[in-house]
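Paired with chain B in one complex and with chain C in the other, chain A is shared by the two complexes that follow.
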Partner chain A sequence: MSTSTIHDIGYRHYDGRRNGRAYVLRSLYVHNLRAAFGLGRPARAKVMPFLLAAIMLLPAAGSVAAFAFTKEPDALFRYASYAVIMQVIVAIFLATQAPVLASREIRFHVIPLYFSRPVGHLDFVLAKGAAMASALFALMAVPVTVLYVGGLVAKMPDSGEQVLKWLGALVGCVLFALVLAAIGMVVAAFTPRRGFGVAAVIAVYMVSAAFVGAVQGIAEAQTNFTLQGWAGLFTPFNLVDIVQVRLLGAQSSSAGVPSGIEGGIVALALCAVIVLGSIAVLYRRFRKAGLS
Partner chain B sequence: MPIIATQGLTMRFARVTALDDLSVAVEPGVVGLVGANGAGKSTLIKILLGLLPPTSGTATVLGLDIAREGLRIRESVGFMPEYECLPPDVSATEFVVHMARMCGLPPTAARERAADTLRHVGLYEERYRPIGGYSTGMRQRVKLAQALVHDPKLVFLDEPTNGLDPAGRDEMLDLIRRIGAEFGISVLVTSHLLGELERVCDHVVIIDGGKLLRSQAVEAYTTESGVLTVEVDDGRDTLGQHLHDQGVTVHPEGRFLVVDIAGEQTYDLIRDGVADLGLRLIRMEQRRHHIEEVFQAGPAGPAGPPAPAGAVQPGAVQPGAVQQGAPR
Partner chain C sequence: MNATIAMITFRAMLGRKRALLLLALPLLLLVLAIGLKATGNDDLDISATVQQQFGLATLLPLLALIAGTGVIGPEIDDGQIMYVLTKPIPREVIVLTKLAVAIVLTTAFAVVPTLLAGLILTGTTAQLTPAFALGALVGGIAYSAVFVALAVASRNAVTIGLLYALVWETLLGSFAPGAKSASIQQWSLSVIDALTGASPVKSTVDLPLAIALLVVVTLAGTFLAAFRLRTLAVASAD
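Let's look at the complex of A and B:
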């Protein structure tokens, strides 16, 4: 029997494969998506995202159960309205997790380590934005799918129509995810302290919702329904709901929706401006952080 | 081929000129970059990484142009910043694996290289704990590991000994020497402490106010100077007076006498003087220069004309300057 010894084989050079830009981009995306749910972090980082994800699922599950017992189609939430009904939970998720992705690495000066490697500035921003949007999409699309599958299992009539409504709602979820991620990431990227970041994102959501709510209330009292509809453009959930109602054929779940197809087109254009604008702002923000 | 070459590199910010017409070329090996705080060391590294375009001038790193081939430079160099740059809530392993993947290493290779590199820098079981609980010395090791994990050809180490205690400092310097000698990776290491770099570097570049002060192999800084240190048991002043009377230039310095060497006869005069006065000679040795003198020579020579900083030559050190250098 031989005695085992530890051999110090010294430094070994790496002459294996080095993958290109696509691999780096994918790795960065996966890393950030994991971070959005606290994976690869201590347990306390996982509490908030998974708790919120569970809260998102509860009403959907309850609704499916109610439908299965009563066979009353109204017992099942409308797919497209689920994100709007649960918007407070979605906003809290955005507020707690956007700082994790957008400001944590700025605060701890990790950014220069990326840009001293073969990582492009635009790739970096796109990977982070896509990871945040994907996390939000999963948060909203999973309960919507639970509703759909539950309805299917419990024999919801008009299954062909349900598929279309479900797919329309998923498109709506993509749009919600993109717009919310864009707003949340920008706000968080300019508030390096995490606590402030959470507060700032919540504040932007609350203030815009309250302001628009007030304007819509006054407009409704004055029977000015045009103003009531257009005011909806200025708060994220109502904005995307306008697109859902006018372009994806959903029923309205918001206080005000401008009439006609052009309302939907304006809302969609505004969504695109928000997303592209946030990419431009984040690009500059991270580029600056990379040089500090 | 020089690993780093700059031609007329200038970097101006709104109010300060960080680099002023810097032209320097260094060969592979461990290269020290010395300068006071604000001398432009970190700015130079950012420019060489291709992150900051210089106001004017050109540079190449590993033969690649910083303006056109920045991406290829960043593929083959590593960078350890001066400041804290580690997220506190992930483990060293997780972090270094992630950084390896950011250089394009496939998942398995990234994990293997991360484990290897962390072992080489001296992090063992603690590498599975979150970085937030690490000591400064351990953090510096993680920062070094992330710079080495993708097996670069050149690493930029910005003030790697900052904040370390003397023992940690020695270990870090030893690691830097091993990176150059055993790992075969060229190193550009910055510091504001010359004594440190004298121990690990092959070549030292000194910049001051963004200007090149000196770029030389370490031996050139530490060549023999034109002075002798003489130590006698008692009667230092008697010997000094005796030598002075015979026309020898001599200064007292602590317990020693510092004697300018005028020629072969200087040695004889000292020997005879000691014998005539019946003193006990403890030592007589030719003094070597220290890199520090480059800084002391300019402002500290009240006797000589204040030499322009760039024109200081080894061997031209004023006696007054030597007098200020502590005996080593």
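Let's look at the complex of A and C:
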């Protein structure tokens, strides 16, 4: 091989301070988080995320108002149940916004433009996943906090216990956000066609819920409560609710929860597998998309 | 009807791996049915529950949403619809062709699997399975018409359709009886209720009213789609 050299034709080099990996990560994260709510994009893109966020808040506000009037502790939703009760809205939010984050750039073949800059593949995936999870967390945690603050203002008894329950519910919201973001981003990244991403994400949610619901209903009718509990592992909301009930001390709000602490540990392990597996799959997906 | 448009639409909907997505959903229903049959859970109640909860309430709106918005929504969004609209083909023909494709897809991927699941579970006992197939068919036609109209009228068609199918029909239906009566699912159930003597199927709407509403909604959806397509503003893709 002859020794070929790249000739220095006199362009000025950049010798200044570089902002580094943390700056790249933070920029990508902020950009994607804004995209998740349609900020920095036309009003058309903002309608749905904010409409869904408003729908999420409505029952919480109504429940606080009902509690303030009647002073019945039952009028206030349980903090940990809120995400499960409103799961349809959370799922629709995930379905509409996950494709915005995960499939738009693949559809328009602009991923290589990111990777022509000093952006690592893993950083790119982590920033996107974290942005989606943060958006979901905000969607669920804000109404839960409204419930807590409303209860506080309206003099809910046992304020010490309420703090613990509220903090437990926030941990649950983090787990919900991570698991849902992991599932939604993977599905959306593999369905770049417009409209299909939304349908595919909601299909995963609806079909798993209907399948597990049918199995649980029949298992309950036959008083096979073991099967009813373990079937809950196969639909995302019930899965995280198992962790909430068995490890965070919440009251059950799903159809089936396996008994004992080992149910919670298995569910938590499954959540971890979903999140880590999703990062691995997204890493490969975006690396491939970055080549073409 | 225009055969070329139909063919292009079929190819767009089923091309590459998309057919697998459409196929995976009904396959789960069949797996559930076979699993229930194998474990001996195949009485009339369970069959009715599976067909109603999984087939009519989940699979049918979902597939109709994918098919109804998928046949025309993406083309409008990225401006490709102009290549069709600038040909000397009446807009009604375009809408009718797209709607026909959506109905065929919904039937193939939601109605037929529901029928098969019913046949696996109970055969034709008490006319339950044929009733569900027919009810799902009329429901699928109405859903398809509504979602095609939605896709022509709005960019957020899929989300609005989801809000209707999940929030209005399922969530509000369990709180407000009024909302429950105003849903395609209930009208289909009314048709099913009339056709079968099986006790688990109950509907809240009278049969003549349900049929009238189904026809009205289908026609209104078709006309609205054709009307909106006449004055379509094509914006740039986002």
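Here is the rule we go by: the second predicted complex is superposed on the first by the 275 of 292 C-alpha atoms of A that agree within 3 Å, B and C clash if a C-alpha of one lies under 4 Å from a C-alpha of the other, contacts with A are read in each partner's own complex, and residues count from 1 in each chain.
Keep this in mind: a contact is a pair of C-beta atoms (placed from the backbone, for glycine too) under 8 Å apart; a residue touches a chain by one contact, two chains touch by 3 or more.
In this text, all values refer to a predicted model and were calculated from it rather than measured experimentally.
In the overlay built on the shared chain, the residue A:Pro112 is in contact with chain B alone; chain C does not reach it.
In the superposed pair of complexes, A:His13 makes contact with chain B only, with no contact to chain C. Applying the stated contact rule after C-alpha superposition, one finds that A:Ala199 touches chain C and leaves chain B untouched. By the document's definition of touching, both partners, chain B and chain C, reach A:Ala45. Across the two superposed structures, the residue set of chain A contacted by chain B and also by chain C is 41-42, 45. Of all residues in chain A, only 41-42, 44-45, 47-48, 55, 88-89, 91-92, 95-96, 191, 193-196, 198-200, 202-203, 206-207, 209-211, 213-215, 217-218, 222 touch chain C in the complex they form. Those residues of chain A whose C-beta lies close enough to touch chain B in the complex are 10-14, 16-20, 23-24, 27-28, 31, 40-42, 45, 104-105, 108-110, 112-120, 290-291.
The part of chain C that touches chain A in the complex is made up of residues 18, 21, 25, 28, 32, 36, 41, 46, 49-50, 53-54, 57-59, 62, 65-66, 69-70, 73-74, 77-78, 155-159, 162-163, 166-167, 170-171, 238.
Looking at the complex, you find that chain B touches chain A at residues 46, 49, 51-52, 71, 74-75, 77-79, 81, 83-90, 94, 98-99, 101-106, 109, 113, 116, 120, 130, 146, 150-151, 182-184.
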